[in-house]
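Right, I'll just put the structure down here and ask away after.
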């Protein structure tokens, strides 16, 4: 019935534990259950395009805008942001520690023959990372398989790989804080404004997919971008740190 | 074991006819140009040395093998699957289901659509005649050699076949059982069941047979009445066989 | 088939002794308190009705079944795995490997560590004696019943056993083959191979046997010389058996 | 490696805590996989017995294809079922995507070829043994199939267990068509994958241990049933 | 659903383009899975023949455990191998994690129980048939095992193919220990998973079609070899 919706979202949001806290609150208030399907950003958008979901919560702004422009979604709203960080082995062989200039930090990696694990999966995080390499003027893809390792998998899998192999990688802060298999890895570069990570929410276009639970979906979007949702997001903490910063307009 | 009031004798079915039947497997001609007619009466004995082709001859007769050339006709030979068959065969190496002795007999009755209420009684009688009542619940494969052969026989007879093919069916039987089986064969033949009886036992052939087919290296050398055959085997191979000699 | 210059006769191995041997399977006492001594000479014939326990007796003798109570002793009975066995057994239902006739014989020679250079010749001779040269490359399971039995016999003999157990090994053989096998048994016995010969054929028992064991319902009723047995079977069961009657 | 020891401890505590959520995930895993196995056995055994009994041109080809389909990648099966059940797919109106039914459908597609291919192999020899007897009785192919399935049940049990093993351990297909939705379609393997991606490896392993424990229980139950049934004695 | 038709077209074009990358991915898939199957068959056939021949207390228990291990979740196997081969794990110094060797190890762990459990079932009956003959010859258990493996090879081929099917289609374990690293450890199934997560479903399916095509080729080759060998005729 109208009392449950499917939310197509990304693994990083799910792994951070945010949903486990805010969704029960929403359900309590509205009686609407939110069923989360967590997949890669690309897969989430594809599923949305096929009508296999009511609401999308992802972080790949340009892809999201394209989604709206093509008429697959009704409208897009900013929800929250956090930031990306570079993590790497505790002994930091490339000497990144403390760097705030992300471009300078990235350049050190190939210079010091260190290994960088890229998600290589076309996800929001991956797109961001490619953008950053371009800014640093490094053609990382050309060295794929040498110092640049494209894991072709999700954030968690890539972090497991980085931990198992002792490599650097780019991750969003929320996933990192929630991640349990750190094996001595640390945040080594953070704080550059270019590492901004924006999340957006969209209703799958009910004109294209009449079965979409538009009413319930709109209630959810309204709640999430409204005062209650925003303060719930702000209140979510893990290990004493805030993972997401609400910024709905 | 056989119902003596059976009506088979009232209207005789067609005889079985082999016309120029040959069978070649892997380029070896195992059955070579057999011609014969088996009337639907009495006991026909098939004899011949090991590897002569007696079992293949029975398989052809039962429709289990198709001849490479030639034709076989006869009322029971070409029965279609699903028809209640009037042909029973006891294989030289009995094919027993991986079930109890009891279940083996019940199986064929069940397949022949025997009504459930008669089934228990028929199975019981068959086990009794085969003297396997004590082994009723023994898995068929655990039975002794002779018991297995008796079970296969009982299973073949319980459906009251119009034609019964016995491939050395008394080879592992003790003298008393052999005697009983020979008696049953005679009774069955008397009530109109056609019996084809393969045996290596010359005395047995004399006791049970009406006519005899002597096969040698895939060829039917002789088909005569028993009486004539033992007076004149008709070939040096048959003579050697009767004398217990290897020919040549 | 057997090397007549074999030295078995020089020093006679220990006789096989059964002491109070019983065998119970599923609460049925299938072998009941057998006591006997089989000297390592000549041909001992084992007779008895179907299901009497003859095959079980051979299995006990070969060490394939352990008695539930009692002991069996004798030089070849308790040979450990891996020792070159001097015991061969031809099962009532021949166990043939899923290989060609040739490979079946080569297999046992190979297992008995026969040198490769002698192997081909020995296999060839064995196939020849069994008259299976033409079927050399035929899968064993495609052979005719009698051919299978001859193959099993040839395979048992090719390793020149000191004791040979034959479980109705001539049941499917034609008269000539039976004759040859009986001759081989006599030869082998003459050169010191002990033979235990299970058969239902009373005339055959007379021809080949030195002593006879008569088993009935798991009990050893009589163990006498053949001559004595046929003069006085010693029990009404044995008498009934010889007369081809069911006792009682 | 400490994780492996931890995992046993966590597994033990989880089981004893009688955590309702855990038990409902286990319950769904078993429900989905046992349903899929039941359906696959019905299909696969029939195909296996049928291909043992019927001979026709292309028979060998079908067996080769079935053997090859044992190597059907779960993700591909998941995708195909997804495309069929998706709202924009042919059966979209049924609304089955992201339900246990979809997961059962995917597992059935995945394991039926395995069950069928192994069944043929198990029944082939029995058929060889019975074939002439069957034909001398003039049995219909249907009657032959019934007999083979009954008398060959010992081997078929192992085949069914192999199918169950593949179903219960499978994650690629159910992840795509089930969506690993908490409280709805989360099963043990998708939960394990989730915990792995969170880096909580010890918990992931603990769930794995519990899953194997339950597989073990299912296997033990089936094997005990099999050996207590009379079947054993006739082999 | 349009994707399914697209997928065939893409698969066709991909194959004909002789894309070096695609062929190296296919090559690695086959190399890893065939190596794993070879090792698993060596182990599993030996275990299967051994358990047919040796009888000891706990024999049934081992068979139940092997049957249950057919349901070992790939992700769990991946995790265990990961923990062992990880830099901080006991074999970390070997530096095997994220290499094809690690993938082979994981697949061997995954499919050996399947191969062993099915082998027992295939050889059990043959052993029943040969047992008394073996013992009358006083064969060693080793000689018995050799004979069973040789005479039972027909059924074992199908078992090996089932193992190959599971290995070639597996993604959970190789993803974790191989890492799906482009140009190094990417194989067909991990590439399919990647394309799926990108939402390029038609490409993912196309890769799946190609993978099945290669499985089919392997199966056809094996079956042809089997039927051309003499084995067939002795069954």
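The letters A, B, C, D and E name the chains in turn, as written, and every chain counts its residues from 1.
Criterion: a residue touches a chain if its C-beta (ideal position, glycine included) is under 8 Å from a C-beta of that chain, and two chains touch if they have at least 3 such contacts.
Computed from a predicted structure; not experimentally measured.
> Which number of steps is the smallest that gets you from subunit B over to subunit C via touching chains?
1
> State which chains count as neighbours of subunit B and simultaneously of subunit E.
Neighbours common to subunit B and subunit E are C, D.
> According to the touch definition, list the chains common to the neighbour sets of subunit A and subunit D.
Joint contacts, listed by label: E.
> Have a look at C-E versus A-E and report the one with more C-beta pairs in contact.
Of A-E and C-E, more C-beta pairs in contact link A-E.
> I'd like the Å distance between the centres of subunit D and subunit E, where a centre is the mean of that chain's Cα atoms.
17
> Centre to centre, by mean C-alpha position, how many angstrom separate subunit B and subunit D?
Computed value for the inter-centroid distance: 47 Å.
> Considering subunit B alone, which of its residues make contact with at least two other chains?
none
> Going by the touch rule set out above, which residues of subunit D reach two or more other chains?
82, 88-89, 196, 201, 235
> Can you list every residue of subunit A that touches 2 or more other chains, as numbers and ranges?
Correct list: 39, 47, 154, 157, 160, 163.
> Show me, using the given definition of touch, all chain pairs that touch one another.
Pairs satisfying the touch definition: A-D, A-E, B-C, B-D, C-E, D-E.
> Over in the complex, which subunit D residues touch subunit B? Could you list them?
Going through subunit D, the ones touching subunit B are 126, 129-130, 132-133, 135-141, 143, 147, 151, 233-235.
> Quick check on the complex: what are the subunit E residues that touch subunit A?
Residues 82, 85-88, 97-98, 175-176, 179-184, 186, 190-191, 193-194, 196-201.
> Taking the touch rule as given, give the residues of subunit B at its contact with subunit C in the complex, in rising order.
It is residues 48-51, 54-55, 92-93, 131, 135, 143-147, 150, 167-168, 171-180, 200, 202, 240-246 of subunit B that touch subunit C.
> List the residues on subunit E that touch subunit D in their complex, please.
Touch list, subunit E to subunit D: 1, 3-4, 60, 63-65, 67-76, 79-80, 82-84, 88-90, 114, 117-118, 120-122, 125, 128, 155, 158-159, 161-162, 164-166, 168-172, 176, 188-189, 192-193, 196, 201, 204-205, 208-209, 211-212, 215-216, 218-220, 223, 227, 235.
> In their complex, what parts of subunit B are in touch with subunit D?
The contact residues of subunit B facing subunit D are 59, 62-64, 79-85, 87-89, 91, 95, 97-100, 107-108, 111-112, 139-141.
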